[in-house]
Every structure is written in structure tokens, then in C-alpha cells.
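In the two complexes that follow, subunit A is the common piece, with subunit B as its partner first and subunit C second.
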Partner chain A sequence: MQSYDPRVNRMELPSNEDGKEVLQSEENWETYEVFHQKKRGDQHIHVGIVHAANPEMALILAKESFGRRRQTANLWVVKSSQVHATDYENQDMFETTPEKTYREASDYYCMDRIRKYQQEHGIADRKGERRKKTEAKSK
Partner chain B sequence: MYGTTFIDKNKPVKNILEGEDPVKLAEFEARITRGEKIEPRDWMPKEYRRQLIRMIEQHAHSEIIGALPEGTWITRAPGFRRKLALMAKVQDEVGHGQLLYSAAETLGKTREAMINDLINGKSKYSNVFNYPAMTWGDTAIIAWLIDAGAIINQVTNSKGSYGPYCRALERICSEESFHLKYGHDNVVYLATGTPKQRELVQDALNRWWTPIMHFHGPPDKISAHTQILMKWKVKMASNDDMRQQFLNEYVPKIWDLGLTIPDPNLRKNEETGKWEYTEPDWDEFKRVINGDGPCNKERLQVRRWAEERGAWVRRALKKAEAKYTVPLA
Partner chain C sequence: MKYNEQQLTAVKELLYKIADDQLIIGHRNSEWTGLGPILEEDIAFSSIAQDKLGQSLHIYELLHSLGEKDPDTIAFTRGAKDFKCCQFVEHPIGEYDFSLMRNFLFSHSELIRFEMLSNSSLEELAKLARKYKGEIKYHVMHSDTWVKQLGKANDESRARMQSALNESFNLALGIFEESEFAGDLNEMKVFEGEKVLQNNWLEQITQVLERGSLEIPAQTKWVPAYRGRKGYHTEYLQPLLDEMGEVFTVDPKAEW
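Right, the complex of A and B next:
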């Protein structure tokens, strides 16, 4: 066989007709989940996985896979087997979350009450002049 | 860079949904209709899992095998800047292979099993990589036009329904844009250079036109099977639609350089807005994809050689107590 790649012609290529399973199971080790921090002060964000025999190797491969082009400040690797996650099947446990408006700042508005009280009790409206101006402008 | 998906036409349609829980199937389909992504541990129909593994795995193999014809030219690149850029491109392709193997792995097939199936010819890869890159001009045409075809395919597929595949594709597409610009720059440089350089790139275009036309796969008939896969957002566009999109974007750019495309029938029908062309030799396509191309044997032997040569290092690093866990995302 003559290849267009001179290096290939110098190799002793194995015959490939015996159907041998060249890789044994778990020969590519475990997987590590990779977290990427773009710049100092940012959150680390999950970007993918690497296969590695140990954390040091996982960090080297994470740098090659996820830090070779984009700006990178820091990388974390965590064994996939060490990540505990909620189950998508149990999505209903988050269902009432959007109803909890009492957790939101926007749910607390009491100026109407203050103004009503001020009018009833003759207390000057400290920001009255400014409010009139803005209201006039918006008209 | 990668071309097409191959729908298994032999699988009887009536068996596709056999044994699936109708309630879960309805929930699954409703989720996809709402535009939500499917994540690895979600319930999914067997056929969805099977098709995705096959598709993503073929895509991953294509990236790895695709690095070989171009990698050949790293040692012979014309000048240091071109050499650096080609090394970066080839490293990207191998990196894309890694991202895609990871995405396929989340569906339950191990990377070792995928590589074994590649080496033993059980799973396919993009047919174009069974052709050799004979000159530097070929690498320029591959980097520009094969990658252009791949971007069209990948952008289309990145809107699919399987979360890990979409995430991998988005990352891949952003890197492919460098490949495309790099390839275009190479072709422009040759096409606007000396008569000899023009000849080099024209010859490469002549050689690669058939593989380029093969790239998105044979025209697919809309069968019941493909309709299900389209509903599940596994297959996102027909092969012919992607080929039309490619021709529409790139033929004018090729003609801008005064290069000749070796198809006298190639023209845009202004009434239909579609490109007309001579159908490439689909018998050749079938022959090559089934093993009888100029480089099939070499590609798989080189992969096996590399895996066998590295085996002792991998096995030395392996720890007996380490247990494989399917990655999360």
C-alpha cells in the first residue's frame, strides 16, 4: 500500500481484518466535569468533560480542550461520579418557585399608603415638587 | 467538519415505537414541540437514543478521521504561519471529536466501544475523508469548502433537541468559523498567485468537486421514519436542502475567483431559486462508504496503529479501583 503521507509509509501498519477489540473497557479511565472561569471575578461555568486517569491529567486535558482559545483565568475539574444532581423527573419540586413573589423586592410597594397618610395628616410631601415636574414631562 | 446522517431505511417503521409507553412518549414529544431540550437522564424512546448515538458517534469519528488528510500536510506546509495555523486547525478537529464522543457517551455508549467500532469498520464516518489530500491545494479546498459544508450541517443540527449535542455543536461552530476563514484565505492566496499556484488550486477543486457534492449525502426520500426523526428534531433538514444552501452560498464565491467548477450544468434557476447540477456519481459514493475508497483501509489502520501504540501508557495509568460513571452533561 502506497500512501500520500510519507510518514504513513514508514509505519508498520497492523492488518485490520481480525475484528479485534483494540480498546479494553475503562481503558479511557474516568470522566471529569470541567468548569471554566473566563476572568477573575466571574463564576466558574460547566463547559464539558474530559477523560483522565487522575486530577492532574484532567487539568492538563481541560486546558487543551477548553482553554486553548478563549480567555481563561481558572479551571476546575470534578470527577463525574462525585457530582450529585437533582433529577429532571422531579421537576415539580421547583414548581411553586415563581409564585413566591414575597421573595422579590418588586413585590413591596407602599408609596400610595404613605401619600394617603400624609394627605390625611397634613404632612408635607418631601418630593412633591419633583414628582409634579416628572409627571408634567411625561404628559 | 462533518457531512451527513444516514437514515437506516431497513428498519421497519411499525417497529420504531413498539413497546414505548404512550404517556411518556406524549410528554417527550410535547417537550420537543415546546422547543425544550432533552437531557441525558430524561426518558427517551429507544429509537431516539439509537439514532442519536449513531449520528453523534459518526460525527465524532469524522472529526478524528478528518484530521488525517490535513495532518499529512503539517510537515510540508508552505511557511511557518501556515504550519501554525494548520496545526491549530487539526488540533481543533481532534478536540471536536472529543466533545462529540462526550456527547454520545451521555447516551450510554462508552468511548472505548465507539473507538473499537470505528477501527473494526462497524460505524461510519464522513465519506469525503476516504479521499487523499494530494497537494497543498487540496488542503486549502478541504479547509474552505468541506468545512463550509460542515458548518451548514452543524448549524442546522445545533437547533436539534438533544442538549449535549447542541452544546457541543455551538462550541464547534464558533471554532469552525476560523477554519473557514483560514481555508478561504488559502484558496484566495493560491487563486490570485502565480499561474502555477492557480493551476494547483484549480486541480484540487476538480478533484474535490465530486466529494463536495457527495458531502451532504444522497437525496433522501421523506419516509415515515425520517418524518418521525424530524418531529423529534434529530434530523433537522433534508440532505438536498443543505446541499442547496451550500451551493447558494459558495458557488458565487468560487466563481468570484475565476475558478472553474467541473460541472457544465451547474447554474441557478432564477425562477425556482434552486441550483441545478449534474447528480454526482452516487454509485461511487456507495462503493466508497462501504470500504472501497482510495484511503479507507489506510485511515482505519492508522487509527488502530495509534491506539495500539498508546495502549501501554493508558493501561499503566489505569487504576484498578477506578469506576466509570456516565458523564452528567
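Right, the complex of A and C next:
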């Protein structure tokens, strides 16, 4: 029985003398960065790239590559060439010296003052109550 | 709903024709898996093929509930003459232009068919029709995008798409072969009929083809490839069925 399935009858692709497949330069499409949004209102998160001839096609292809196995509300595509990036050579600019913790929120202690204010003004400490509840539950 | 014998035959014939179309085009399109023009398109086209197989399964299950054999037996053990698919879906995949054009023409007919069926008096079918809506909408968006892109990209791509359209058009008209039970189905409010479907289809595809600068062959050249619905098929169907059922028929009682 002769099969009509090309997986059985491998297609003959044209090749160069070195055996490599011939690929014209115009057959190389641009890449598009794909951003995935799980639920409406969520942030779009970068998930990868697709090759496509135009934005519409990029969206169509991104749908199957990145949308079919997870909950999806929306997709964005952006031409990779339109993305501007910092230079890895300058990566050192992101380093901060350890002596500058005063620039970070975690270095400020103020909860005791907030609790005192809440007690004085009869404001419920909802965060504290929640913590007590979860502690009671875990016991 | 209680059907008399003729009504039941009419409904079953409709369901067989829909599911067989889906199974066969799903199988054909899946032949591109691993061979698609680019990775992303390979994934998308394979996924579309899987959607069609899944849809056919649901319709075969519905047939099973109406007294037919179980879905696997229906799908894998019937011979070509028992298949009610149109001849269009059984043709080999050819080159990618033909497969894309076929999927374009077929998916548009599916979109309209299931829009019509979503109000069918056969409630289970109407439910399925509403369930498929999103899948089929994507299949149409996918093929519209390609048709427009390749229709306009360059001379070669336009020429290929136009010749794929010329080659497929009469085959595609075969989708709309009217059933001998059309009157019953219409009366029972199960399905409005292939004529309405074909008219809406023509209107829809014309709009998209125009945007891809592609032209439907002149009406004087229309010779619909009918008879598939009656069980008369091309030489291509039986080898496909043999291959599709090859594993199943080794041991039909095996548990998967």
C-alpha cells in the first residue's frame, strides 16, 4: 500500500552542494516579542518570540504557541526591532552599595508607631487580626 | 425529542456528514505535523487539525447516543463507501498553498454551518455548535491571515494561491451537496440546508479573497464535486482509512 502521508514519503527539499537546505534571504521573517495576559486587568508578561511576516500573523501564531496551554485573556506582540534595551556592558550600573539600605523600604521600622496610633484612635488593626487568625488556624 | 424512523435517518445522515468531514480533514491537516513551513505555523496548523479530530469525536459520541456504534469503531472500521464526507477533504495535502486554501474554504463553511446549528432543535447538537464557536473562529482567522498575506506578498505567492483556489473551488462546492433529507431537516428545524449555507459562504469568502487580490473562478466554470455525501469517493480516501485504522484494527478490543 502506497502511503499519501508525507511523513512516510519524505519531501525532497532542494539542497546546495554542501548538502544544506537552500534558504533565500527573503524567507527569513522578522521576530515579534510576545506578551501574555492571564486575566483581564493583569499585567502582560513577556513569554517568548514568534517569527511572522506581519503583526496580524504574529498574533495568530502566538495564540497557538503561547495561549493554548494556559489561561489567556489577551496577547500583545511587538516587533523585536522596536524594543530598546540596556547594554550588558553596563550591567554594573544596577549594583548598589550595601551601605545604602536607607534607600530601601525594608530599612524603615514604623509598625510600632502605627499600632500605637491605631490604638489611640480606635482603628482596628486588621493586619494584626489576620495574622492572629492564621496563627490560630495553624495550631 | 422523539424522532420517527425517517427523521432519525435524516438526523444521523447530517451528523455523519459533519463528523466525517471533520475527521478526514483533521487527519489530512495533521500530515503537516513536523513538516510545516516554519515552527510556529507547524504548531498552529497541527493544533487546528487536532481541534477538528476533537470535534468529530463529539459528533460521533452524539451518534452513539442515537444508537450507532461507539466512536472508535465508527472512525476506524468503516470502509470508504460508508463515509459521508465530501471529496474535498479527502484529497492529498499537496503543497502548502493547496492545504491552506482548502482549510480556508472549509473553515469558513464550518463557521457558518455551526452558526446555523447553534439554534438547531437538536439540543445536543446546538450545544456542541456553541462550544466549537471559539475554535472555529480561530481557524478562520488563521486562514484569512494567510490568504491575505500570500495573496499580496509577491507574484509567486499570489500566483500559487490563485491556482490553489482554481484547483480547489469545484471541490469546495462539493461541501454543499444537498441531502435527500433536506426537507425533513428543515421542517424539524434541525438544519436550514446547504443552499443557505453556500450562499452565506460565498459572500464571506469573496470578501476575504478580494483583500488578498484573489478571484473566484467564473460561475460558468462551476462544476461541484458532488457524490461524496452519497458514499462515492476518490481513490485517495481508502488508503487514508487503511492507514488511519492500521493500529486500531490490529486489536480492536485493546484498552487504550
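Definition applied: the second predicted complex is superposed on the first by the 80 of 139 C-alpha atoms of A that agree within 3 Å, B and C clash if a C-alpha of one lies under 4 Å from a C-alpha of the other, contacts with A are read in each partner's own complex, and residues count from 1 in each chain.
The definition used in the following text is that contacts are C-beta pairs under 8 Å (C-beta built on N, C-alpha and C of every residue); 3 or more make two chains touch, one makes a residue touch a chain.
Everything numeric here is computed off the predicted structure, so don't read it as measured data.
Applying the stated contact rule after C-alpha superposition, one finds that A:R68 touches each of subunit B and subunit C. Within the superposed three-chain arrangement, the count of touched residues of subunit A is higher for B, of the candidates subunit B and subunit C. By the document's definition of touching, both partners, subunit B and subunit C, reach A:M57.
Contacts of subunit A with subunit B, set against its contacts with subunit C after fitting on chain A, overlap at residues 1, 3-5, 7, 11, 29, 50-51, 53-54, 57, 64-65, 68. Only residues 1-7, 11, 29, 50-54, 56-57, 60-65, 68 of subunit A touch subunit C when the two sit together in their complex. Residue ranges on subunit A touching subunit B, taken from their complex, read 1, 3-5, 7-8, 11, 13-16, 19-31, 33, 46-51, 53-54, 57, 64-65, 68-69, 79-81, 83, 85, 87-89.
Contact residues of subunit C toward subunit A in the complex are 31-35, 38-41, 43-44, 47, 92-93, 138, 141-142, 145-146, 148-149, 153, 236, 239-240, 242-243. Of all residues in subunit B, only 39, 41-43, 68, 72, 75, 91, 95, 98-99, 102, 105, 110-113, 115-116, 119-121, 132-134, 167-168, 171, 175, 295, 297-298, 300-302, 304-305, 307-308, 311, 314-315, 317-319, 322-329 touch subunit A in the complex they form.
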